[in-house]
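The same chain A turns up in both complexes below, where it pairs with chain B and then with chain C.
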Partner chain A sequence: MTLAQTVAHPLRIPLLRGHGFLIVAIIYAGLAVSVIYPLLAVFVQAFSEGAGLSIEKIQEVFTTPNIIEAVFNTLIISVLTVVMAGTIGVMLAWLVARSNMPLKRILDPLNMVPFYLSSVVGALSWQVIAAPRAGLLNSLFAPFFDTPPFNVYSVGGIALVLGLFYTPYVYLFTLGSLQSMDASLEDSARMSGASKLQTAIRITLPLSAPAILSACILVFVTAAGIFGVPLVLGVPGSVHTLSTLIYRAINEYPADFATAAILSSALFLFTAIFTVVQIMILRGRRFTTVTGKGYRPRQVDLGRWRWPAVGVNTLYLLFVIGPFIALLLVSFQDAWTGAFDWARLTLANYHKVIFVDAIAKRGLINSLFISTIGATIAVAVCMLLALVVHRTRLPGREGLSHLAMVPVTVPGIVLGLGFLIALITTPIYGTLWIIMIAYIVHYLPTGLRNSESLVQSVSRELDESARMSGATWRGAMWRIVVPLVAPGMVSMWLLLFVTYIREVSSSMMLFTFGTETISIALIQIMEYEPYGVSGAFGVLQTVLVLACVAFIRQVSSPRQSNA
Partner chain B sequence: MHDARRTIPDASSQGVDVSNRSVAVKVERLVMSFGTVHAVGGIGFDVVPGSTVTLLGPSGCGKTTTLRCIAGLEMPTAGRITVGGHVVFDGENGIFIEPERRNIGMVFQSYAIWPHMTVGGNVGFPLAISGVPKRQAEERTRAVLDLVGLGELQGRSAADLSGGQQQRVALARALVHEPRVVLFDEPLSNLDANLRERMRTELQLLQSRLGFTAIFVTHDQEEALSLSDHIVIMNKGLIEQTGTPQDIFKNPETAFTARFLGYSNVFPGRLAAIGDAGSVAVDLGEGRRLSARWRSRSPPRQGADCTIAFRADRVALMPANDPAGGNAFPGVVETVAFLGTCFDYTITSGAVQVQAEGPVDHPVARGQAVSVAIAPEHCHAFAAED
Partner chain C sequence: MQGFHIARTLLAMTALAAAAWTTVPSALAQQPPALAAITDSAERARVEALIEGAKKEGALSWIGVQIEPGHAEPIIAEFKRYYGLNDLKGEYTYAATGAIVTRVEQLLKAKRNNFDIVWNASWAWYKDLLKRGEIMQYESPHYAAYTLSDKHGMSQKGYWVADAYAFAPVYNTVALEKHGIKNFNPTSWKDFVDPRLTGQVALIDVLISTSAAPVLDGVVKVMGNDWLTALGKVKPTLHSKAAQGRDWVGSGEFAVAMFNSPKDALSLQQRNLPTKQVFPKEGVVLIPFAPIIPKSAPHPNTAKLFVDFVRSAYGTQAMMNAGSLLFFGRPGVKPKYPDVLPSSEEVKAIPFNWDTEATNATIKKFRDRVRAVGIGSKS
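Let's turn to the complex of A and B:
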């Protein structure tokens, strides 16, 4: 078509053109149905016991003694988790970013490993070493105590495992803030007469406070909503949290949807409020300490404390990785006697979970199916959203990214309940698709943040020059932007894949016989099989995840320096 | 988001409004606001086919925004833009032609070379998009690359080109589909001084050979003066003055233009007397008075505040009390700097500090009393700036 012909049919400006408007409207509708509708379903259920609006049921729920106890357990677990993850995370981040601790290059990536591991497998491995009777440590120390000294089936045990597994969140946030800090701020404190320690406490830490605080809030709300670890470590010792009670209410016969919905609404309000606070903290302070000059902050000389610092960091890693090693050993034994025995070496457990056990096989296949297809869909959806938000002038585009961020405030178990209530009467219930949709929605914020930063890393002029060369919007996106961010999209896919493989909470609400995921299968196997078998399955999941993570690092580390 | 393929329109394409043939680009009452920021506040200008028009102005005055509106990369708030006789934007009638269908080439300030393609891939992209057969496209790519002197780089990756090479690739890409109008956003600002001058000459050669119309954005007055047939001086989203380089340089219409074109002496004053044929007398305080030419469009008013401007090289330094210096006032030489081709002086006269240039063979010493003389035709008076 020549220019002359286009003028014969002038296009309306996009604001008035049906085309772009329709696309935005469709995306809004899709997000509303998948993000808002399940949440609404939970609220409606919570307030409509029997006919009409009802407050009585809510009063009844919150005066039940074991629910009150669960609320307290949840709070205590969250607080202990934050204290532990916060202390260890900040300390390790400071050592890596600001001190001359030896072996940093090795310790830094290792400190991030728990970020990728499944905390349910972590809980299982802690069972292996600290269960009241059969635990490795307990049998080790049995000669010195009357009763087993360690009991992981407790509030403390749950908080310990969560604290270990959420330390990397605090670590990552703090590390970023410390590494981007202007060194002259600290230098001038030293020039004003402050010692190293005084400088660290009075200048460095306050400047990183927004990052640390915001990471701590993230850990706090995540711990409050977490489900897998309390299920594995709490239920055997009758220690309940809000999330395990929600699960129990659904699994009773008849299912008590009202109680589950009321508890879920309470949990959602709790997480939503703290998440909003977190977002506000991050928004106000994001750039205060970043100068972007890119020169390295000075490193504090630890002197004779250099090697003890390595010891502290190694101790943390030992707490995380040690139990995994124990689990690995157990998985190669035909029966666990409290110590590794070469005579009992066997591959039977692996044979069993890969070839024999029906649930294990189903879980593995189902999870691979859901995660492969789900991650692919999620990458496509998130890229499209990011391109619409950052590369068009369509009306209402900014609202889209806000709406897509809503699931960040919703614990997985609450979202799972929402999908359950909303879709239980539809044919999609009982299929793998409902679980896949729940995953995609739950981790939409993770994906969107990723894809937005990818798209924003490509200079606008690169695709604008394609437009000036005659390419349509779609052509410019497809031939310029997408090829440029392709390596990033591969990393994003792998990250989502790993996340989906680990997911427990919403799967637990949505699985039926035949649609068990790998984590569900693990939890079920733990109930009726010895440690060796569940250990083998846990190791399998861990190896799968770690292989993906290694691949992510491979793909994203030699990052091409695109203009 | 349209599928329309563009072919390269030839000059005989149908439906062209012949009465507008003499205007390559016509901008009328263009307004562009970003929220509360009025980047462009209602401007208009015409570009004659085959000529070079430069948008010149300080940082943030709306040059890039204007250029992007013409390109179709921004949706203007109001106004009308016509390219080659076709209306490409009309706020009132709701017309907006997508950028890919305007047949305009553009060289971006960052050059925007696609790092994931070869040099040939970058330059051949517009041809591939418009469906030119592969063989033909390759030949034309080659020809354009030869034209900009990069023939042998066709197969090289575009990821690690030097600044000058990137600039040429961007230029080749903008020219390969033979657009009638090419837009340049500060294309020379990322190059070092030597290369800049060479590229300036090459650009002019290319333009005279290919005959495209160029709209150029720069904040470098020297570049604007040497490259353009016509200059549009912008200030705070509005047009301050338009004209040929000589015209603008000789007869600035506002104090802003004068200052921007390197008039180093700009002083406030008061209109003491109004003569005929635009001559005025300006009182500079403490008894200093200069005859000047009135340049503002608004008529001069006796006793009103005004601004006077003159260039340093138009100042003649006479011995004090020399009767020959008619349009002059006394002062003392404060600083002297040798610049190779001339001397640069600062002369203090009461509250006024004058910049002056003098020939190397007649140096004036520091501390010497002089008479500062300027011919009335080189003294420009304007209505006071608000």
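Let's turn to the complex of A and C:
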């Protein structure tokens, strides 16, 4: 065998030689147990009640009026969320990427802030300002309206909060696409007489359509399965979604696992269909936005609309950050009466959260443990998978990538229920590890996509050169590829860390006393403490996450620049 | 000579007193207050054995509703002092009624129960646990004094005696005035279905809550079906947890919260909010609230001692003083906040049979009646 042939077969390494099939089989088995088995457990539970198949139960569930209503609510909330997040996200991305809007350097990172914030805390904040009667906004507008104009305890309220918090997803996807777009297409349109607006609508946006569509379907699927926000804002107004009904079925007495499993299966199918649609749409269309020409896309001159554009972007940030400021005010009040009252100023809420409520401390410690260890394991697993898929020729390696993407279609609450049903009688139940594994599995697609991009961004020539110089496969990966993608791995770790800290859907099913996460602790505290105490905990949670993000960015930035 | 004798006698007495001063208190200090209060030798031996067992176990894990973490802490501290268990690690977990049922059930299913005491208000669940043999049989000697618990049918011989809490309306006088309702001085459940209150009433979600549904059912039994119809007409907004109702009425979001406990009413009063609670003249449904010991309790001796403590006259008063606003199942507990909480002897209880009137079937049937009058539907 020549040297070139050795390089052409990167799998042929001493460690793996002859064991390729076995290695792939082991990875398949691991993924099957962690991804497929919990889903199967849900399906089996849904279709069997007692000994046999229970079609009657399924019929009964889907003819129940409040379940039908919940299905519609879920659909409407998801659509409204997509419309809102899509509109704002695309608009902001275009303003930042393709216009000469002032203050872009400040606004760009600020537009990503909602990504780091917990939507549950966001929901709590919106309660403060848009509760039908005692909300700040309603108090403000009370003299002008007969009935309160805002009601956050509604389908619209839930969609508003979700839309605001999922805007960064669309923003990020679209921004990347717009920034890497070939401007010559737009130039051609302009030269052909199209106005700036016509060019933006007819050329720029269609070219970004795959990215926008991808983001929108991700938002749709996530919104359909989200649990925390509908719990906080939906339940008080009797607005139920599939996720809150699944939770209710498990939490009523006696627990109705069959209904929960049937609803979970329906929710899974609901989200899976949309994901498949996404894949089909993207497969059928080819868009070339990056042509390889090395110039920056041209900036559109907004003229007199430059500062109004800043106003629009600021308004979005105000909608996100404003309620948090209101929550901050509430956290310093001994009671909330709809307006800030200096006579009610207190630090007692913070004292209670920090020194009295053991669950708050426990939630904080547990979340830091799960997020730190979990994100580290996830990065390692995802990198390994990406290397196996893209840097080996093991048989069936492409299938690993597809299998690992399955959780993208599974809402967190469904996955949590699957893990609960599958693992309740094992020693792992009741530990932090079950929650950690659920998180890793749930966000495996996010980690894997990132890892694949990182690995693919490193030219094969580099590790192949190392192999030609006598390095083993493992040595080439460890010494060449991994150091090159290390900054990206740090970013990925941070992404997963923040995602795990905010997560609530799967842990809501899996926590037990002593294994509460920070978001569960917040929901538990809201069960009995006044707004002020919940607000104080929400503020602390937000500050903690932002501090962690800032710290990790600070720590990792020199390494990034070196790289 | 006589002077010397007197001096010697005085010296001897002083020495004796000094000896007594140093030895007697140390002997007394070694004896926990609980043992000092026991005169019966057999009972003393029993408690001593439990204390010894508890010392070896070294921990107590307790989960409950109603008693908030800030109130549980002094109860555990007092328990440790009372039995001389200074090194005991006491841990309290507060959770909602439904959450306790769900999580403890899951722990039992996983054979991973780590609670010594479960203190919940879920009668049907307790009965199921009893049927399944999941509750440890234990008849504390203090159960005999729980005559009010027996009278209201809240005791289970050999397993538990209960205290109770009750839901009663809380209203915000400022919010009412804002809506043009002045001098609202309710005395009856009837006053809370006044048409002027339409859109101003918050009601705990009786379509979900397993404790609130029987309570409303009990009130309807006394007030009649017309009252339920009238309640439907004021279009109450349902909320999932009592704390939500408390915060809504406190902030003025709603002028009336139909079902809140005295604990919630006190919390509002202590924060100087313009709210009042009324116990209607027709009575309230007492919700049984009892500590049980799971059969799988990891620290059974400590659990039994703890049950002894919280069922004793001393312990119940300590609980009341710590802020547990309950209707205790034994007479003689002095309310700490008499203007918020009537005594157990004074409160008018609506007769309610938890065995027959709070089954899943009866609750389901009642919920259908509630839906029929429009409660729970959006309008």
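Here, the second predicted complex is superposed on the first by the 495 of 563 C-alpha atoms of A that agree within 3 Å, B and C clash if a C-alpha of one lies under 4 Å from a C-alpha of the other, contacts with A are read in each partner's own complex, and residues count from 1 in each chain.
To be clear about the criterion, a residue touches a chain if its C-beta (ideal position, glycine included) is under 8 Å from a C-beta of that chain, and two chains touch if they have at least 3 such contacts.
Worth saying up front: this structure is predicted, and the values here are computed from it rather than measured.
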{"item": "Partner chain(s) touched by A:20 [first = chain B, second = chain C, both, neither]", "value": "first"}
{"item": "Contacts of A:301 with chain B and chain C, given as first, second, both or neither", "value": "neither"}
{"item": "Touched partner set for A:474, first chain B, second chain C, both or neither", "value": "first"}
{"item": "Touched partner set for A:429, first chain B, second chain C, both or neither", "value": "second"}
{"item": "First, second, both or neither for A:358, with chain B first and chain C second", "value": "second"}
{"item": "Contacts of A:341 with chain B and chain C, given as first, second, both or neither", "value": "neither"}
{"item": "Touching partner for A:398 - first (chain B), second (chain C), both, neither", "value": "neither"}
{"item": "Partner chain in contact with A:465 - chain B first, chain C second, else both or neither", "value": "first"}
{"item": "Chain B versus chain C as contact partner of A:484, first or second or both or neither", "value": "first"}
{"item": "On chain A, positions contacted by chain B and by chain C", "value": "none"}
{"item": "Residue numbers on chain C that touch chain A, as the complex places them", "value": "63, 68-70, 91-96, 98-99, 101-103, 105-107, 109-112, 114-115, 122, 124-125, 128, 205, 208, 210, 237-241, 243-244, 246-248, 250-254, 267-268, 271-273, 360, 376, 378"}
{"item": "Residues of chain B defined as touching chain A within the complex", "value": "1-7, 9, 13-16, 71-73, 75, 84, 86-87, 90, 93-106, 108-110, 112-116, 125-126, 129-130, 159, 170, 173-174, 177, 183"}
{"item": "Of chain A, residues touching chain C in the complex", "value": "131-134, 235-238, 248, 250-255, 334-338, 344, 352, 356-359, 420, 424-426, 429-430, 512-514, 524, 526-531"}
{"item": "Chain B-facing residues of chain A, complex", "value": "1-8, 10-16, 19-20, 393, 459, 461-462, 464-475, 479-480, 483-484, 560, 562-563"}
